[in-house]
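Here come two complexes built around chain A, the first alongside chain B, the second alongside chain C.
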Partner chain A sequence: MSFFKRRLPLLIVLFTGIVMMISYYVPHKPFSQFWDGANKWYMLIAGFTMVLGVVSLVRNHYRKIRQGKQGFGYSIVMFIAMIVTAVFGVIPHSESSPIWGNRSGSVFMWIFDYINTAAAGTVYSLLAFYIASAAYRAFRVRTLDATIMLITALIVMIGRVPYGEMFSDFLTNSIGKGLVFLRLDNLTSFFLNYPVVATRRAITLGLGLATISTSLRVILGIEKTYMGGD
Partner chain B sequence: MIKFSDRLLKIDRRIIYSLLAIAIIIPIFFPLNLPVKITDEVRGVYNEIDNLPPGSKVLVVYDYEPASRPEVDPMALAVMRHCVRKDLKVVGISYLELGRGNGENIFNMIQSEFEEKGKHLVYGEDLAYMGFKPGRSAMILNLGKDFKGTCVTDYRGNDAYSMPILEDIEGLGDFEYLVCLHDDSSVSIWILYGFEIVGIKIGACCTAVMAPGIYANLDAGQLTGIVGGLKGGSEYEKLLNYRGMATSGMDSQTVIHILIVIFILIGNFSYLAKEHYLKKEQMR
Partner chain C sequence: MKQWKFLSLALFISMFVMIYPGIGAQTPVELKIPTGLEVIDTPSDSGESLLLKWPKMENESIQWSYVIYRSSSPDGEFKEVEKIESSKEYGSDNPQWFGFDKENANFHVYKVSPVWEMRDLVLRSWGGKEQTTQERVEPLKTYYKIGVTDGEQTLIGKEVVSGIPKENWYRRDRFNGNIILIILFAIVITFILHAQRNPNLFLRKIPGIDAVDEAVGRATEMGKPILYSTGYYDISELSTICSVNILAHVAKKVAQYDSRLIVPCKYPVAMTVCQEVVREAYINAGRPDAFNASDIFFIAGEQFSYTIGVDSIMVREKPAANFFLGTFAAEALILAETGATTGAIQIAGTDSNYQIPFFIVACDYCLISEELYAASAYLARNPQLIGSLKGQDAGKMLLFFALIVGTLMVTIGVFFPDAEIFNIIKQFFTVR
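Entry: the complex of A and B
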């Protein structure tokens, strides 16, 4: 039992990991065939994960309703929304019955446009209000780091809108062309093209190295948390 | 003075929210018609599409969720309008489950808009939308080798093998250009498996919050350009000589940026004034 539960999955991961690594650098048969096959399998499995997601969602919310847990009403709403959307979306569209399917003019697209998009857009746009309030209350020049961040943020915020460009035009025209490097739009471009790029590269390199080391740990069977153990 | 600073620091959040709401709504009804300056990043995407010969094939990727539609839809429309004006053939695809409806909407809007202008676009010949395909990185790898075999059918259920627009498309490399409309880091995956393996040129159109993160890719030559947020969208609209949703949205965004800057300055002046007077009192 221990072989099937513990060792076999580790052997499959070891074999797949090593062969996939070789396949990336050796694009010839039989490795290229294995590479293509594995990628097609991955797509199929990814499709099935959605079914798994639906099953898990149904089980979770069904349990909430059956046990009458707090907020079970939302679970009922979830079931109604899921069933209505799925039924209207799954039945094929035809010229005689345009309300079915996922084409424009169908109930599915109506739900997408007027419920999904509207609700998601509302929640997302609330961020502007929270950011404004948080900026007023918490964005303070308490330390040197915070001051540098605040000044940079102010320059980028003004430099990215037309008023910033107009203000810069006014400054360079009235003070002198020699100060062109101090234009807010030029400073914004400088921040985005140099400090941001440098920082981003450092993060990306760090992430890449971390991914390689984690992948090696998984392939070699050192990291086994994906199997549900420790 | 301390009392005044304290009062400013403890200003009711409802006042901030109300001022913000007014700043958003007023420019919508009374446009400011602010000038738009074109940046090199946006010109990078525009020039790439503009220099393609008629009949070239462009793949437009709809990798953004409905929440980002107000920001990304104007760019999607601008890019599609540009492609159709240049007589390019456009194929759409989505890598996100929730992005598929966005592509369907944009394709329909463009088709009916040009129909009204007298330009008839034949679905399957001039444009086609493949919809959502699962598998993320594996999907892109498979598209690179066998585009039709990976898609199998389009969003409307048509057979990919029988679509004239895909006739001479074997893999991703047969497209002349790829435009990635995104609100997450999906463009990195397209760069990794599209640009690096197949060699397809990529232009990014993304939300403003995602743009700074991909300047490193632009600098490395992995992207031809970046159209970032409403600002980038308004620049693209200006290049196409029309005033669309991005340009009108920029009016509100400009006022909000100025308002937030004022909030930050007031907050900090009040904070510094309070600290200054508290120190003075302690000295006494």
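Entry: the complex of A and C
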């Protein structure tokens, strides 16, 4: 049992990891085919595992309804939506009955376009309000760091809109051309092109190294917590 | 009056001649058929393309374009496949294939695809019609010609060249990456071996991970559950694997404290792995009876359906601690802000650069990028894992040194444009 549960998965990880690494540098068969083949296999297996997801979803919501938990009404809506969408999507499309299937003009696509996409768009639009509340929390002037961030953010925000440019024009014209580097649009470009890019690159470099190190740990079987156990 | 008119006209014409580049600046160059066309196999590829190479013509005008024609037989119909501006596509643009010889600026190179032998593939949908599509079998011997055009007139060469692409055994253009990877692997393995002999290596503190105990303890005291999200991606992503590793440690603590852990998942495979990992953690903590598989469940595979599902759990169940560890996209702030409004202690960690600021603002602790990958090793305190972290730090020092040297060399190279060494160094660090 230990072989099938521990050693075999580790051997598969070792073999797959090494072959995938080689196939990145060797474009010849069979390595060139292994990369595409492995990705196709993954897609196939992941497709089948959707059954696991549906079973989990049904079990979870059925339990909520049976126990009459808070918000169980939403579970009933979920069941109705799931069954209606699945029925209209699975039955094949034909010339005589265009409402079935998943082509344009079918009920399935109508549900997708006018319910799912609209609902997703609504949730996404909430982000604007959350950004406002998060910005309020971040920009409260309590420390030196927060003050620097507030000033920088104000410069970048004003510098990115046409009013910032107009304001800068006014300042440059009234104070003098020698202070052109202090224009808000120039300061904004400076902040975005130098400190921000430098920080992001530092993070990306660190992440790249961490990816190499972690991949090596996983491939060599040093890191095996994801298989369960210590 | 006439003189003024004449002078104004003369002035207007002379200004027009000076400003308009096509007049007065140069006389039109006679269009000539390009010669010396060669076909070579593309180095370092998987046998899917060929390179066409032809010398730069004397008096080549920037207003010309080269036209490439292709056919499957020498006597067959040659069809136009590409039009290339004469000022582009030089051998010197591709040092990965031709090196750094100055002569490379004297010829043009263009990558072309061959004609393929195709076979029919019949797809039969369930209850639907049969659909025939085609699939590539192997590349055929393909014939090429080259022509030149100035927009009005096109001259096509008589020379016909042919070739069949071959598979290559090594990506020479990725040689630099390969060398750097081998060096970094060697460093990490050296430190792992070193850590086995000397297990007491110093590791800097990661406050976000140290706060795990505090978060689980707080949830236990309040009698509320703990919510854990592994992020936007499936288990095939390294960030999700790292998140699952941290989940194992969190689950063990939860089992020891006899609290409740809720893990809503976006992918069924990740859900199955999480269930297995949490089950094992409960067994290792000596509490297999406390494990509840139904607390680790699938919500939805769609981004915002998942987001709103997790949000509703936070609002209804009011977890005392939220963990958002993995790769997140636009949902990061929606999740973190909802969690903040419920008053939960929040520990987040992500490798997505754009979401880090959101997590820093909305969460109590944030693991920045590589800390997410290091967290599992930090928690396990296994000498081999800690050794790999130290190796990672040594690799960082190496890159830091390479950055300084590289910047200096490229800066000095500006003053010595003829010195090839600077170009070689620059190209070595160019990612392809």
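Observations on the structure shown:
The rule is short, and it goes like this: the second predicted complex is superposed on the first by the 164 of 230 C-alpha atoms of A that agree within 3 Å, B and C clash if a C-alpha of one lies under 4 Å from a C-alpha of the other, contacts with A are read in each partner's own complex, and residues count from 1 in each chain.
In this section, a contact is a pair of C-beta atoms (placed from the backbone, for glycine too) under 8 Å apart; a residue touches a chain by one contact, two chains touch by 3 or more.
If you're wondering where the values come from, they're calculated on a predicted model, not measured in any experiment.
In the superposed pair of complexes, A:R160 makes contact with chain B only, with no contact to chain C. By the document's definition of touching, both partners, chain B and chain C, reach A:M50.
Contact with neither chain B nor chain C is seen for A:S97 once the two complexes are overlaid on the shared chain. In the superposed model, A:S133 makes contact with both chain B and chain C. Within the superposed three-chain model, A:T16 lies out of touch with both chain B and chain C [touch as defined at top].
Applying the stated contact rule after C-alpha superposition, one finds that A:R59 touches chain C and leaves chain B untouched. Legend: residue contacts after superposition of the two complexes on their common chain; A:K40 is shown touching chain B, with no touch to chain C. When the two structures are aligned on the shared chain, A:S189 is found in touch with chain B, with no touch to chain C.
Overlap of the chain B and chain C contact sets on chain A: residues 42, 46, 50, 92-93, 116, 120, 123-124, 131, 133, 135, 137, 200, 204.
Residues 36, 39-40, 42-43, 46-47, 50, 92-93, 102-104, 109, 112-113, 116-117, 120-121, 123-125, 128-129, 131-133, 135-137, 139-141, 150, 153-154, 157-158, 160-163, 165-166, 185, 189, 192-193, 196-197, 200-201, 204 of chain A are the ones touching chain B in the complex. Partner chain C is touched in their complex by these residues of chain A: 24-29, 32, 42, 45-46, 49-54, 56-57, 59-60, 63, 70-71, 74, 92-94, 116, 119-120, 123-124, 126-127, 130-131, 133-135, 137-138, 200, 203-207, 209-218, 222-223, 225-230.
The touching residues of chain B, counted against chain A in their complex, run 9, 11, 13, 16-17, 20, 24, 34-37, 39, 65-70, 97-98, 100-101, 104-105, 108, 131, 133-136, 138-139, 141-142, 145, 150, 155-157, 208, 211-213, 215-216, 219, 231, 250, 253-254, 256-261, 263-264, 266-268, 271-272.
Residues 44-47, 125-128, 167-171, 174, 178, 181, 184-185, 188-189, 192, 234-236, 238, 241-242, 244-245, 248-249, 267-269, 271-273, 276-277, 279-281, 284, 294, 297-305, 307-308, 312, 316, 330, 333-334, 336-337, 340, 351, 353, 356, 358, 360-362, 368-370, 373-374, 376-377, 380, 382, 384-385, 388-389, 391-392, 395-396, 399 of chain C touch chain A in their complex.
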